[in-house]
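The following pair of complexes shares a single chain, chain A, combined with chain B in the former and chain C in the latter.
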Partner chain A sequence: MVYDLIIVGSGAAGLSAGLYAGRYNMKVLIVRGEFGGESATGGVFWNYPGTGPIDGYELMRKMESQAKDVGSELIDGKVLDIKRNGHCFDVVVQDGNKPIEHFGARTIILANGAERRKLGLPLEKELLHKGVHYCVTCDGPVYVDKTIAVIGGGDAAVKGVSLAGQFAKKVYLIVRGTDLRAEPVNIEEMKKLGDKVEIIYGTEVKELVGVEKLEKIILTKTYNGSDELLLDGIFIEIGTLPNVTIAKSLGSNIDDKGYVMVDNSMKTNVDGLFACGDAVNFFGSFKQAITAAAMGAVAATSAYQDYKVHGELCQIHWIPTELEK
Partner chain B sequence: MATVKVYSTPWCMYCKMAKDYFKEKKVEFVDFDVSVDEKARKEMLDASKQSGVPVIMIDNEMVIGFDKDRINQLLKI
Partner chain C sequence: MVYDLIIVGSGAAGLSAGLYAGRYNMKVLIVRGEFGGESATGGVFWNYPGTGPIDGYELMRKMESQAKDVGSELIDGKVLDIKRNGHCFDVVVQDGNKPIEHFGARTIILANGAERRKLGLPLEKELLHKGVHYCVTCDGPVYVDKTIAVIGGGDAAVKGVSLAGQFAKKVYLIVRGTDLRAEPVNIEEMKKLGDKVEIIYGTEVKELVGVEKLEKIILTKTYNGSDELLLDGIFIEIGTLPNVTIAKSLGSNIDDKGYVMVDNSMKTNVDGLFACGDAVNFFGSFKQAITAAAMGAVAATSAYQDYKVHGELCQIHWIPTELEK
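== the complex of A and B ==
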């Protein structure tokens, strides 16, 4: 089966690309990976135009539904590899324990986003979900009447404090820099929690301590006379790392910050390969559902232009894969 | 039919994915919001010895996180 376009990823960028490409009457397959991407874990969005306050998960479900309505197909699975095959691509997908599948594509849009940045400390993995968490919107509300810390100074961290602070008895916000980078309205919302929230600036986590579960953290500098903070849980919200493995393997250029390099039409340096969303070097560090959706729309339009010119070449030069022989 | 319990929180994407999956597969389940249900929260924390959600009980088998393969295996779907 050869698709006109295969989209890797189903966050705001991938689903928006699926919506636009479907309306261009392209035969589209979206390989879902982790549904909804970062947007689905973002809690309530107050700034997505036209929706009013909406839960990120619900927004992504609506985007998915729109993409399906225009004919884009969706499958679950992880893209293991993409290889050039003549003038098109061979996409290798596996869904859990199911057999590996191959799909042909005339064009590709990589919208596979980013993964949570980790502290990189000993015990971080061993204490995962035993006091160490990466999703405050998910697990924050479990810490009722507990003492927790959120690590980070951006929007996700500040919104996380506001949410988890409704349940915890005490929330520390540990910020590496000297100020918060969050939207002022989100900072104001957090401040409504009053004394329950303490912000520790200019400080990082040096060490995690615990056996069966997290017991305390060691800070890089003293706070109230001690470098130890006794905690029931920490929530790490220090940004993301772009997923660029597939882009790299296809020969796409990566910039010095680790992002896939695209031009303003979301085209990479590889013919037929487009990229958008959190993994690309567009809109700087401003990563939002709306910027991802915009990039997806542009990427789909560029893929369509490419398909119109080069689409036929794919079928002519397609080399049967091992499974097709 | 298996008894399915989902221990979840209101904004958890993986909890919602699990519940949507059960609805899609027409599997009946009981949802416990551990952010407000103290008894369910204690049950979940005691049984799973961890504090990530969702925790899914299928009869007496525990699934931590939305592990679709394991859920399929336990429900034979």
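== the complex of A and C ==
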């Protein structure tokens, strides 16, 4: 199947792009990836202009239904690769254990965001979901009356503590630096939890200890006379790494922070290739649902303008990829 | 009264900035101007990601209440002038016939958008609201079973025809160019009105004729054998002109299209001065509520960063302005 536009990712950037492109009467396919991206797991949004307080997951469902209403198609699956094919792109998609599928498109919008940053410690992968987590909104509620730690010093970490404090009996916040890099209102919100929260500054996690599940962590500095902290679970909130593998393989320029480089139209240097959302650093470290949605709308508009001029050049002929041979 | 931040304008850009700055615990004043800016008079938004179809006025009321909820203050009035006063700004405000007021601020966000572009014809001002209008959403409904014309060839004009067609018995669309520069879905929507709509291409309005009210217009080309068109009303939808007077007087750079020049942080070249929304051309001609809201959020974040560093320098002493002497 050949589309006018294929969008990779279904966070605020991808869904907003799907909404706008659908309104331009483009034939659009959105390959979902992890539905809703960062926004869907971010808990309540107090600061999305125009909705009032809304759960991130619900916000993404709204955007998804708006994109569908204008005719954009959505499929589950992960984009394994995108290859240039004449004036088109050949998008290789796999959904779970189903056979690999190919979709053609004149234009591509990369809105596949970023991956959670890992501590890079032994056992971190083995203990995933066995006491090691990357999303308080998703997994926090299982720690009722337990003792947990949140690792990180930014907004996500501080908001994570506030949320975890609703369930857990004790929450440590382990901060590498000497202060918090979070919104003042979020810090104040966290402080309302009082003694339930203890902040340990200038300290990192040196080791994860556990067999079937996490039992304790070893710190780089002693705290209350010990470098051990007995815990039921930890939540690692130390930021994200942009997904740039596909952009790189297509020849897109990457900026010095490691993000896909785009101009004010969300164009990359590659003909027909656009990028937006957390995969780009367009507004610097300020990465919000509202900026992602705006960038998605801009990217769709640019893709439409490209399509109007070059759309007819795309006459795709399938070439089997390495994965299919 | 001295604020950390004064925002000029209460459209999507200004209100979003007020929401974000309030969350940064800044002391914020929003000088409303025309409430809701372009968005409030734009009719139903089908394409604002996250809300579903929503009336522009209602969308702006939502954003306003979000800004208020985080402590941003709003006042009615028009900003007559802003002057540099040491490390602060001195903002001169007038609300109707009330005495002029002064407010101080370390940082300013200009979110005062754009004015409707005029035809520049004799009687255009005299016949305002007497058959001459600039907003179909606002004034269209009075033309039930009447014959009207919309002037323009862009999205606003085409959407205006669709809306006016709900009331009027006949709608002419007078287009200067040879085609429409509107979203395909909007053109299709208009076409559903069938014979009710007649499009006159390659033609301009040469003259407005009427005494107490508009009676007819004279065209630059004949149409159906006459250069006269008998009409009950016209709606001029030929774009907008950015409000840059204050930015200019403060020494801000203006770009070659006549908009306030900003970088990716919405900073102007003037210390402490930021701009966003329709007053800037950051995303080119693509000017939407979603992009304005995103720019407002970015501008507030930049103003907050400026305030954290320079806020204490602002020790204002009032100097009477020319207007008060």
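One rule holds in what follows: the second predicted complex is superposed on the first by the 315 of 325 C-alpha atoms of A that agree within 3 Å, B and C clash if a C-alpha of one lies under 4 Å from a C-alpha of the other, contacts with A are read in each partner's own complex, and residues count from 1 in each chain.
Note that in this section contacts are C-beta pairs under 8 Å (C-beta built on N, C-alpha and C of every residue); 3 or more make two chains touch, one makes a residue touch a chain.
What you see is a predicted model, and the numbers here were worked out from it, not measured in a lab.
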Task: Which superposed partner A:A40 touches (first chain B, second chain C, both, neither) - done: first
TODO: In the overlay, answer first, second, both or neither for which of chain B and chain C A:F167 touches.
DONE: first
Open item on the list: Tell me the contact category for A:V280 with respect to chain B and chain C: first, second, both or neither.
Closed with: neither
Task: Which superposed partner A:G233 touches (first chain B, second chain C, both, neither) - done: first
Open item on the list: Quick check for you: in the superposed arrangement, does A:L19 touch first (chain B), second (chain C), both or neither?
Closed with: second
Open item on the list: As a test of reading the superposition: which chain, chain B or chain C, is in touch with more residues of chain A?
Closed with: C
Task: Partner chain B, residues of chain A touching it in the complex - done: 35-36, 40-41, 43-44, 55-57, 76, 96-97, 128-131, 133, 135, 137-144, 163, 167, 212, 233
Task: Complex contact set, residues of chain B against chain A - done: 9-17, 34-35, 38, 41, 45, 49-53, 64, 68-69
TODO: Under the touch definition given earlier, write down the residues of chain C that touch chain A in their complex.
DONE: 12, 15-16, 19-20, 23-25, 46-52, 54, 59, 62-63, 65-66, 70, 183-185, 188, 264-265, 282-284, 286, 288-291, 293-298, 301
